[in-house]
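For clarity, chains are labelled A, B and C in written order, and residue numbers in each chain start from 1.
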Amino acid sequence: MRKKLFILLLTVLMVAVLAVGCSSGEEIGQNYNGTNNDSSEGETGEEEIVDIEVWSVNEGFKEIDSGSPLYEFIVDEIGVGVISPYVEWNGGKGYTNQLNMRIAAGEMPDMFLPYNGIEYDLAKNGAIEDLTDLLPEYAPNLWELIPDEVWDTVRTNDPTGEGRIYYIPAIRDYGITGGMIRQDWIDKLGLEMPTTQEEYVDVLRAFKNEDPNGNGMQDEIPTGGRENGRWMDHLFAMYGIAMFEGFPDWDIYDGELTNSAVTQNMRDALEFISELYAEGLIDQETFLNDKQAWDGKINSGLVGSYFHWTETVYDRLPQIEAGTGVKADLPVLPVPKVPGYEGFYSHEPTLGPQWVVKSGMEEEKLMATMKFLDNYANQENWEDMYYGVEGMHHKIIDGKRVLLPEDKSTQQVMDVIKAYNHFSLIDFKSNLLMEAVGEEQMEYVEQGIRNMEENQKYVKVIAGNGMPESVYNDYPDIRSNMIYQEYATKIILGEYPIEKFDEFVDRWYETGGEEVTQRARDWYDKLEK
Amino acid sequence: MGKLTYNMRKYWPLYVMALPGTLYFILFKYIPLGGSVIAFQDYSVFKGINGSPWVGFKHFTSLFEYPDFYRVLRNTLVMGFLRVTFMFAVPLILALMINEIRHSLMKKGVQTALYIPHFLSWVIIAGIAFEMTSLSGLVNTVRGWFGLESMLYMQMESYFRPIFVLTGLWKDAGWGTIIYLAALSGINPQLYEAAVVDGASRLKQILYITFPMILPTAAILFLLDIGNFMELGFEQVYNLLTPMTYSVGDIFDTYVFRTGIQQAQYSFATAVGLFQAVVGMVLVIVFNKLSKKYSNGGLW
Amino acid sequence: MMAMSRGEKILQVIIVTTLCLLSIIAIIPVVSVLATSFSSRLPVDMNQVTLWPIGFTFDSWKYMIFRPDLWKSFGITLFTTIIGTILSLLITALMAYPLAKKEFMLGKFLIIAAVITLVLKPPLVPYFLTLREYGLYNNILVLIFPHVLTAFNLIIMRTFFKDFPQELEEAAKVEGCGYFRVFFQLVLPLSKPVLATLGLFYAVVIWNQFQHPVMFIQDPDLFPLQLKIRQFITSESVMPALMAEERPNYNEYTLRATAIIFAITPIIMVYPFIQKYFVKGAMLGAVKD
């Protein structure tokens, strides 16, 4: 009652103000009517198609609404209607808030990406469906696709402690990140691919001093990374440090699961890297490089060695060529050997949760969700799902599907059906890469595929893989790596002597590291059982 | 109470005029503000305010017991002081200067130019600050001309606060002049004419006419600003901060972001907000008293 | 115009030079964004563009301007800004007037109540739920109503009303005008500078807002411009798309720059129009005789 009265009052006010005079009102009003009609009158398909609301990452593309081309495409492909409204992602922060507000309002989506550890609270509050028995029966494709040991991890992560499956994890069957190096520079300077740390440093030195890009200027950047000490994992990797895109991770050190940030390995690595910095072998602006700045340096052909997804050289190479005219060769850098250490690039086959399903849904909707999961995990559909809707995401040239450039104004968001990204499999990806490109780009893609395969020689699955975010609950400074980043950057820049590292370790344990480590070890023990 | 009813009956049009605004404050400010009680709860989106457990001052205690609380408090106070001082003084001086320009087209041009940066978000302004101070950026190029070595100011602790102040002025000083310019336009021209007859120089006119006339407005602005003393603008600091400058730039707003907002700890975020508000309110009350004592104006 | 003395001339030169220098510094950011928006993809990918475009092209602009959805959002923003500003000024002025009057007994109480709203912010989730209860979820009115009155603007307006010459009002009252007539026919017409200023403040807030739309607007037909613009500003493509057949001559950075300029130009253009109200003595000059 109060609500109605209020709206009435507001409307009267609005009308009064409108009457005062705004001539542009009419035209816009018509605009609304025009578009409202076609979106509200959805099509009712031949068989009854059940709609489910799905939320996941959307970096600015159009939503999926009933009756739209991608909606119809998914109905054809999967047999379920998917509605996915536009939710601003904004680095995950926007998404988390929106999701929480919708939950508070009692309108949780039917299936969604649980970001930032929210699955813990969801499961504890009984808000998400127990999938343990449903998946094997109704979504066998998905059940088979994900290896048993990954399901075991998911069971261990059940916050109720019952060993049930509450979420579907994303997976990767190959190590995706690794160091890379400019082979063409090495050849030009008459050097060899480095295998030890010493050789690697010599090569970096030569990159700096011997003008491998041949422009007569000492503008080469031997190696480096990005702000917050990220994307320079290759320098840490040789010390056997578990690390995820610059964030220290968990592995077995001295026989126990430990965060690599507080190990002797880290101390030695930081000391080494600070020497590189002092000698000018690391980009002096490393810790000020945002994505654009660092990518810009690599694309300008100035960087000798860097760390990233090894396959994406297919994107770098043409840019380096266009900018400098040089056909670069960017193979994987074998992890340089350091005496006393076993180096590796960290590999995380179990990624975070990809989907959770709302609990207490009607039978019909729950079955539709299962049907979606089953068909979406079916690899026979993946290629179609990669190319999306004809005319929107791809066009056909000479009978071959060719992707259209990304366009946020016309393309509907595809993440919901990107099973090939949620479950990345090396075989599927390399085939896809070969299929998807034309003659001209083949040479770049071939390097990418070579790197993918080559990189597997140097990767190791770290022991902390699959650990739930909830171990960090109540200790945000540990989770955000804030203390680590403060000390690591200052030590590398030479503002702190390496002895400060010991102070860091104490501080890390004091501000919650102790508790977090205990939880992490408990989790690991449980997993091992 | 009888007095109020009498007053209401006599001056009823004033009460009618104030009614929409009052209703607005109740509906859009005070009713939602009631939600602040979650500061004393472990608020859960699943249970709502009615179902979430009460925890008393738990979140306030955990704020005060945070190991870096002192560092965060110190940074907030120092930077708050810098911000209030500079953001108060510089727009005032700029407005007085703009007011002195005789050439009217140039006056408008300068006003517009100074006002433009306000419309760019902090991501952009901070991004350009980083770019300008990079090795190949403007600042180091100029240093190079003088044979000076390059400096990476953005990662130096000692420069963080000056950069905070300068970028703040860069973005908002021009915007801040608008209200003064409006106030200046209210000054009776006869005052200047009389001063000219008395032979007062331009500088004297500024000191004895313009400045005193604009001061009450400035005092009000200051009082309105001081209430947000503890809130320095998350966007600005967050976009300028690097791990190398945490020690001098980590403030309540960035702290709440990583602990409260990013982790969806709404109760904790609200508790910190309440703490900031209480400090702000105390400052407003104190300065309002001072203002009433030493000038004749105040908020109430 | 009177002749200037030598000292005044020097003062004038110093002031003008300083302000011009500051103006140049002030426009550096917008020049830099403009330069990126007119540059080709490659130099931007290589991070070479600073203050002037490299590989000058209109491609980003063509893309932006021919997006129909953007113009629709533009219309929504324009519409809500105009309506919102008018409504805001009306409500603010109506409330500020009694607050400036000594005979209004609730003045002090309401001012303190207003200042509290300035200092204390409502927590996110309860705020969302309350406004949702009011029926403002997915409602275009949510772009207007949360902004129609701020304590800051209210108090500024009251300060100006307090300075309003009492003699004039008294004279009008002697002639038999009530408060309403005095307010609408005398006070408001003579308060153009402050109305223009606060109108600008309100307009800018409504034009630039994104928090409320992000929270409350789900229907793409109701997206204001800023929400569209943020699709370029807040997103970051993590994984480069596999090669498309032909690559357009823009990238995420040039589009972002174009989007920013597109969004701020209209609101920046408002300012020169209201500057005419800042002419010296605009208020009292009219009253003099």
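Couple of notes before you dig in:
FYI, a contact is a pair of C-beta atoms (placed from the backbone, for glycine too) under 8 Å apart; a residue touches a chain by one contact, two chains touch by 3 or more.
Listed by chain with UniProt protein names: B = Protein lplB.
Since the structure is predicted, the reported quantities are computational estimates derived from the model, not experimental observations.
Here the two chains linked by the largest count of contacting C-beta pairs are B-C. Most remote from subunit B (Protein lplB), judged by the distance between CA-atom centroids, is A. Centre-to-centre spacing of subunit A and subunit B (Protein lplB) amounts to 37 Å, using the average Cα coordinate of each chain.
The distance from the centre of subunit B (Protein lplB) to the centre of subunit C, with each centre set as the mean of the Cα atoms, comes to 16 Å. Counting partner chains per residue, subunit A has residues 6, 97, 100-101, 104, 293 touching two or more of them. Counting partner chains per residue, subunit B (Protein lplB) has residues 27, 45, 266 touching two or more of them. Each of the following residues of subunit C touches two or more other chains: 124-125, 129, 134, 145. Across the complex, subunit C is touched by residues 3, 6-7, 10, 13-14, 17-18, 20, 22, 24-25, 27-28, 31-32, 35-36, 39, 59-63, 65, 85-86, 88-91, 94, 97-98, 100-101, 104-105, 291-293, 295-297, 299-300, 309, 312, 314-315, 318-319, 322-323, 395, 397, 402-406, 408-409, 421, 432-433, 436-438, 441, 444 of subunit A. Of all residues in subunit B (Protein lplB), those touching subunit C in their complex are 3-4, 7-8, 10-11, 13-15, 17-18, 20-22, 24-25, 27-36, 38-39, 43, 45, 49, 94, 97-98, 100-103, 106, 108-121, 123-125, 128, 131-132, 137-138, 170, 174, 178-179, 181-190, 196, 201-203, 216-217, 220-221, 224, 227-228, 266, 269-270, 273-274, 277, 280-281, 284, 297, 299-300. Against subunit A, the residues of subunit C that register as touching in their complex are 42, 45-48, 63, 67, 69-70, 72, 75-76, 78-79, 82-83, 86-87, 90, 124-125, 128-129, 132-135, 141, 145, 214-215, 218, 220-223, 227, 230-232, 234-237, 239-248, 253. Those residues of subunit A whose C-beta lies close enough to touch subunit B (Protein lplB) in the complex are 6, 93, 96-97, 100-101, 103-104, 116-118, 121, 125, 127, 227-229, 284-285, 287-288, 290, 293, 476-477, 479-480, 482, 485-486, 488-490, 493, 495, 507, 510-511. Across the complex, subunit C meets subunit B (Protein lplB) through its residues 1-2, 5, 7-8, 11-12, 15-16, 18-20, 22-30, 32-33, 50, 91-92, 94-95, 97-99, 101, 103-108, 110-127, 129-131, 134, 145-146, 148-149, 151-152, 154-156, 159-160, 163, 178-180, 183, 193-194, 196-197, 200, 204, 208, 233, 260, 264, 267-268, 271-272, 275, 277-285, 288.
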